[in-house]
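Take a look at these structures.
Both complexes below contain chain A, partnered by chain B and then by chain C.
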Partner chain A sequence: MIELSGVTKTYDGQAVLTEVDVTIPRGRLTALVGPNGAGKSTLFGIASRLIVADAGHVTVDDLDIARARNEEVARRLAVLRQDNTLAARLSVADLVRFGRFPHSKGRLTADDHRIVAAAIAELELEPFRDRFLDQLSGGQRQRAFIAMVLAQDTDYVLLDEPLNNLDLRHSVQMMRRLRSLVDDHAKTIALVLHDVNFASAHADHIVALRDGIVVAQGPPEQIITPEVLSEVYEVDVSVLDHDGQRVAVYFR
Partner chain B sequence: MPAGYSPLERARRRQTVLTIVALIVLALAALALYQFAWVTGSWSYTMNLRARQVGALVVAGVSVGVSSVVFQTIAGSRILTPGVMGFDALYVLVNTFVVFLFGSATFMTLSVAQLAVVNTAALTLFGVLLFRGLFRRHSRNLLVLVLIGIVMGALFASLSSFASRLLSPDDYLSLQSALFASFNTVDATLLAVVAVITLMGCAMLVPVLRHLDAIDLGFEGAICLGVPYHRVVSWCLLVVTALVATATALVGPITFLGLVVANLARQLLRTHRHRPLVVGSAAIGVVSTVIGQLVVARLLNQSTPLAVVVNVIGGIYFLALVMRTVRL
Partner chain C sequence: MGLAALCAAGWLSLGVGVAGVGVADLLSPTDEQLRILTTSRIPRLIAIVLAGASLSIAGLIMQRITQNRFVSPSTSGTTEAAVLGVLIATLVFGSTSLTWKMLIAIGFAIGGTMLFLQMLSRIRHRDGLVVALVGLMYGGVIAAATTFVAYQRDLLQFLEIWTAGSFSGVIENRYEALFIVAPVALLGYLFADRFTVVGLGADFATNLGVNYQRVLYSGLVIVSMISAVVVVVIGAIPFLGLIVPNIVTLWMGDNLRRVLPVTALAGAGFVLACDVAGRLIRYPYEISASTLAGIIGGVVFIGLIMRAADRAGAR
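Entry: the complex of A and B
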C-alpha cells in the first residue's frame, strides 16, 4: 500500500496540492484522473520521490520514502515519467537493461539478462532491440521506457500517462498488460490517465483530483457517474452502460 | 561475452575495444616520436628533458580527457566541460590570490610539491563549493549554465589580471613561474606529485563509473533507478576539480582542449558506457596534447603556445557544437 497523507505543495505562492490524502491499495490498479493543472503530475512526482513535498509524507508499505535509502526504494517502486529526453544515445536493449540497475548495479547476471529479454518480448520490441531510441517512433519509444520499468520488476509501479503516443490498439494492449500484471503477478500499479474511459474499463480504484484537492476516490462505479465527473471536469458528462462497462460521453 | 547481447551489440562492443587499442597505440607512437625524433643537441640531455616533458603531456592529457568526459555526464550536456565552465581560469585566480595574500616570501619557502598540493586543495575546495551550488540551482537550464561558465571564465581571468597588477614585481615573477610551471624545463618533483594526484583521482572514479552510466538518464531517471545522485555528482566534481588543477599546473589553462577530446571520444567509441569512454578519452587526451606540442615545438618553432593552437581549433568546434545544439 502506498499512502500519501497531508501532502501539500506550493509553487511561487500558488498551491498546487492542498492537504492531499490518497491511498493506493496493494494488488490493485489505481487510476489518477482530473483536468489539466489539477496537480496529477505533481502528486505523481511526490509519490515517486522526484518532487519534495512542502508538507506531508509518503510511505510505501513500511518505508518512508523521504528517509529510506534511494536504492532500497528503487527495488520496490518503479517509475515511468512523462518527459523522457536523454543526453545519451541508447539502444532499446541498453535502456531496458538499466531497469536492472537497482538490483545489479550495472553488473548484469544471467538472471538479469533473462528478465530484460522477457520485458523486451512482452512489449513486442524484439525487432527494434538494437535500434537507437532516436530512430524509433513516439509509440515505440514509449514502449521501450515501459519495458525498462517492467524489467525493474518491483512490487509497485507508477506510470505517468503511459498511454501517451500510443494508438488505440497499443493503448488497449497496454491496459490489458497492466491488468494482467496486477491479476497474475500481484503487482500494484498506479497511473495517471487522461482518458476516463480507460480508467473506467480497467481500474479497480480511481482517484479524481481537481485544483489540488481530491474530489473523490473509490471504485469505478462510484466515480464514473454523471455527478462526480461533471464536478471534476466542469463539463456536462453522461454515463452510458455498454454491456456492464460504464462509458462517459462528453463530446458534444 | 555473456549471453544476452545480440550479434550486432557484440560487434559494436568489439569495435569500441579495437578503437581504444588503436588510440593507445597512436598515443604511444606520438610519445615515441616526441621523445626520439629531431634530436639536435646532446643526446642524454635531450632524452632527460624530453622524458619529463612527455611525462607532463601524458599526465595533462589523461587529466583533461578523464575530467572532461565525466564532467559532461554530470552536467548532462555535451557542450559543458570544465574548461568551458571556467575551471582552469579559477585555478589561475586561486594561485594569484594565494600569492597576493601571503606574498612570494611564503610562496618561496614552500617546496614545489607542497605548493602543488596546496593549490590543488584550494582549487578543489573552492571549485566544489561553487559548482555544486550552481548545478543544484540551474541543472535544468543548459543555456544558463553555458552563459554563467563563460562569464565566470572571463571574470576569473580579469580578477587574476587585476590582482597580479597589485603584486610587486618579485611576487609577480614568482607567481608566473609557479603558474605556468614552464613546460620547457618541467620540474621533476612537481611532475611526480601531480602524477600521484592524477592517479589517485582516476582511482577514485573507478567505483562510480557504472553509476555515471545511469546518470546519463538525467537527474530523475537516475533517482528512479536508485542512484545516490547527489553523492555521486559531488564526488565526481571533487575529482574533476583536482584533475583540472593537475592538468593546468603542467600545461597551463587550455579552455577548449577538454571539449574536443571528450566529444571525439564519444564520437569514435560510440558507446554510452563510461568504462571504455573514460579510457578512450584519456588516450585521445594524450594524443592531442602530444601532437599539439609536436606541432608547436617542431613545426612552429615555439612561436605559438600550445594553448593558442588548441583554442583556435577547439573554439571553432565549440561554436559548431553550440550552433547545432541550440539552433540559434
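Entry: the complex of A and C
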C-alpha cells in the first residue's frame, strides 16, 4: 500500500497540492483522474520521491520514502513520468536493459536477460529492439519506456499517462496487460488516465483530483457518476450502462 | 580492426624522427638506436596513446552526464581553468614542483567546470549553439585572465607550454606523471553504466536507484583530473574531447559501456595521426600535434555546430 498523508506542494506561492491524503491499495489497479493542472503529475512525482513535498509524508508498505535508501526504493517501486525526452541515443534493447539496473547494477544475469526479453516481447517491440529511440514513432517510444519500467519488475508501478501517443488497439492492450499484471502477478499499479472510460473499465480504485484537492476516491461505481465527474471536470457528464459497464458520455 | 590500425600507426610513429632510427631499423636496432627508442620514441608513443585516449574518454563522459554534445574539456573552460591553476602553482611554488602543479591544476579544473555547469543550468535555451558559444566565451575569459597574469609576472613563455600541447618534449623520466590518467580513465569505464543512467536525466536516474548528484560530480572530478594531468604534462590538445566522442557516438549511440573503448581507441589514433603527420609535413621540423588537432578539430567543430543549427532550423 502506498500512503500519502497531508501532502502539500507549493510552486512560487501557488498551491499545487493541499493536504492531500491518498491511498493506493496493494494488489489493485488504481486510476488517478482529473483535469489538466490538477496536480496529478506532481502527486506521482512526490509518491515516487522524484519531487520533494513541502509537507506531509509518503510510505510504501513499511518504507518511509524520504528516509529509505534510493536503491531500495528502486527495487520496490518504478515510475514513468509524463513527458520523457532523452538527450541520449539508446537502442530500445539497451533502454529496457537499464530497467534491470536496480537489481544487477549493470552485470546482467541470465534471469535479467530473460526478464528484458519478456518485457520487449510483451510490448511488441521485437521488430525495433536494435533501433535508436529517436528512430521510433511517439507510440513506439512510449511502449519502450513502459517496457523499461516493467523490466524493473517492482511490486509497485506508477505510470503517468501511459496511454499517451498510443492508438486505440495499443491502449486497450496496454490496459489489459496492466490488468493481468495485477491479477496474475500480484503487482500494484497506479496510473494517470485522461479517458475516464478506461478508468471505469479497468480500475479497481479511482482517485479524482481537482485544483490540488482530492474530490473523491473509491471504487468505479462511486466515482463514475454524473455528479462526481461533473464536479471534477466542470462539464456536464451523463453515465450510461453498457452491458454492466459504466460509460461516461461528455462529447456534446 | 581499429586496434590493428592503431598498432600499425604506432609502429610507424616509432620510426619517424630526426635521429637515425627508421621504420626499417625497428626489428634489429643497434645499441644506439635502441637507446633512442627507449628514451624518446617509446615514451612519446605511450604519452600520445594515454593523452589521446583519456581526453577523448573525458569528453565522452562529460557530454553524457551533462546531456549536451557541445560540452567538452576544451569548450567549457576546464582546460583553461587547469592552465590558470598551473600558472598560479608555478608562481607560488616555482616551476619545479610537479605535485603542486598537478593538485592545483586539478582543483582549478574542477572549480572551473562546476562554475560553467552552474551557468549552464541557468540558461533556458540549452541547444547546441548557445552552449558552444557560452562555453567558448567562458574559456576565453579564463584564458585572457591567465594571459594577463602571465604577462604581469613575465611568464608568457611558460604559458605556451601548457596551452599548446606537444609530444616533442616527452622523454624518459619526464612524462611518467601522465600514467595517472590510466587508472582514472579505468574508473570512468567502471562507472560507465551509471554515467549512461545519469545521462537519461535526474528522474530516470533516481527511479533506477542511482544518486544523480553524486554520480554527476564524480564524473566531473574524473573529467577534470584527466584534463588537468594532460595539461600539466603535455599541454592542452584543443577539441580532441569534443570531436572524437561526437563522431563515435553519432555512429554507435550513447551507451557508454559500449562506446567508451571505441572512443579511447579513436582518440589515441587521432592524436597519433596528428603527431606523425606533424613530424612529416615539414621534416625535419615539427608541427605540434595540438596545432594539427586544433585545425582539424576546429573544422569538425564548426561542421557539428552547423549540423545542430540545421536541425534546430528544421524543427
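One rule holds for everything that comes next: the second predicted complex is superposed on the first by the 252 of 252 C-alpha atoms of A that agree within 3 Å, B and C clash if a C-alpha of one lies under 4 Å from a C-alpha of the other, contacts with A are read in each partner's own complex, and residues count from 1 in each chain.
The definition used in the following text is that a contact is a pair of C-beta atoms (placed from the backbone, for glycine too) under 8 Å apart; a residue touches a chain by one contact, two chains touch by 3 or more.
Predicted model only: the values in this text are computed from it and were never measured.
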**OP:** Label the relationship between chain B and chain C on chain A in the superposed model as either fit or clash.
**Re:** clash
**OP:** Mind working out whether A:Val79 is in touch with chain B, chain C, both or neither, as first, second, both or neither?
**Re:** both
Original post:
Just chain B (first), just chain C (second), both, or neither: which does A:Ala118 touch?
Top reply: neither
Original post:
Between chain B (first) and chain C (second), which, if any, makes contact with A:Ser91: first, second, both or neither?
Top reply: both
**OP:** Considering only touches as defined above, state whether A:Lys105 meets chain B (first), chain C (second), both or neither.
**Re:** both
Original post:
In the superposed arrangement, which partner chain does A:Leu181 touch: chain B (first), chain C (second), both, or neither?
Top reply: neither
Original post:
Regarding the shared-chain residue A:Phe132, is it in contact with chain B (first), chain C (second), both, or neither?
Top reply: second
Subject >> Superposed model, chain A: greater residue contact from chain B or chain C >> reply: B
**OP:** Mind sorting out which residues of chain A both chain B and chain C touch, each in its own complex?
**Re:** 48-50, 70-75, 78-79, 81, 84, 86-91, 94, 98-99, 101-102, 105-106, 152
Original post:
Within the complex, which stretch of chain A touches chain C?
Top reply: 48-50, 70-75, 78-81, 84, 86-91, 94, 98-99, 101-102, 105-106, 132, 149, 152
Original post:
Which chain C residues qualify as touching chain A in the complex?
Top reply: 64, 67-68, 192-194, 196-197, 199-204, 206-211, 249, 253-255, 257
Subject >> Parts of chain A lying in touch with chain B, wherever the complex brings them together >> reply: 48-50, 70-75, 78-79, 81, 83-91, 93-94, 98-99, 101-102, 105-108, 110, 112-114, 116-117, 129-130, 152
Original post:
Can you name the residues of chain B that touch chain A in the complex?
Top reply: 2-6, 8-9, 73, 76-78, 210-211, 213-214, 216-218, 220-221, 223-229, 272
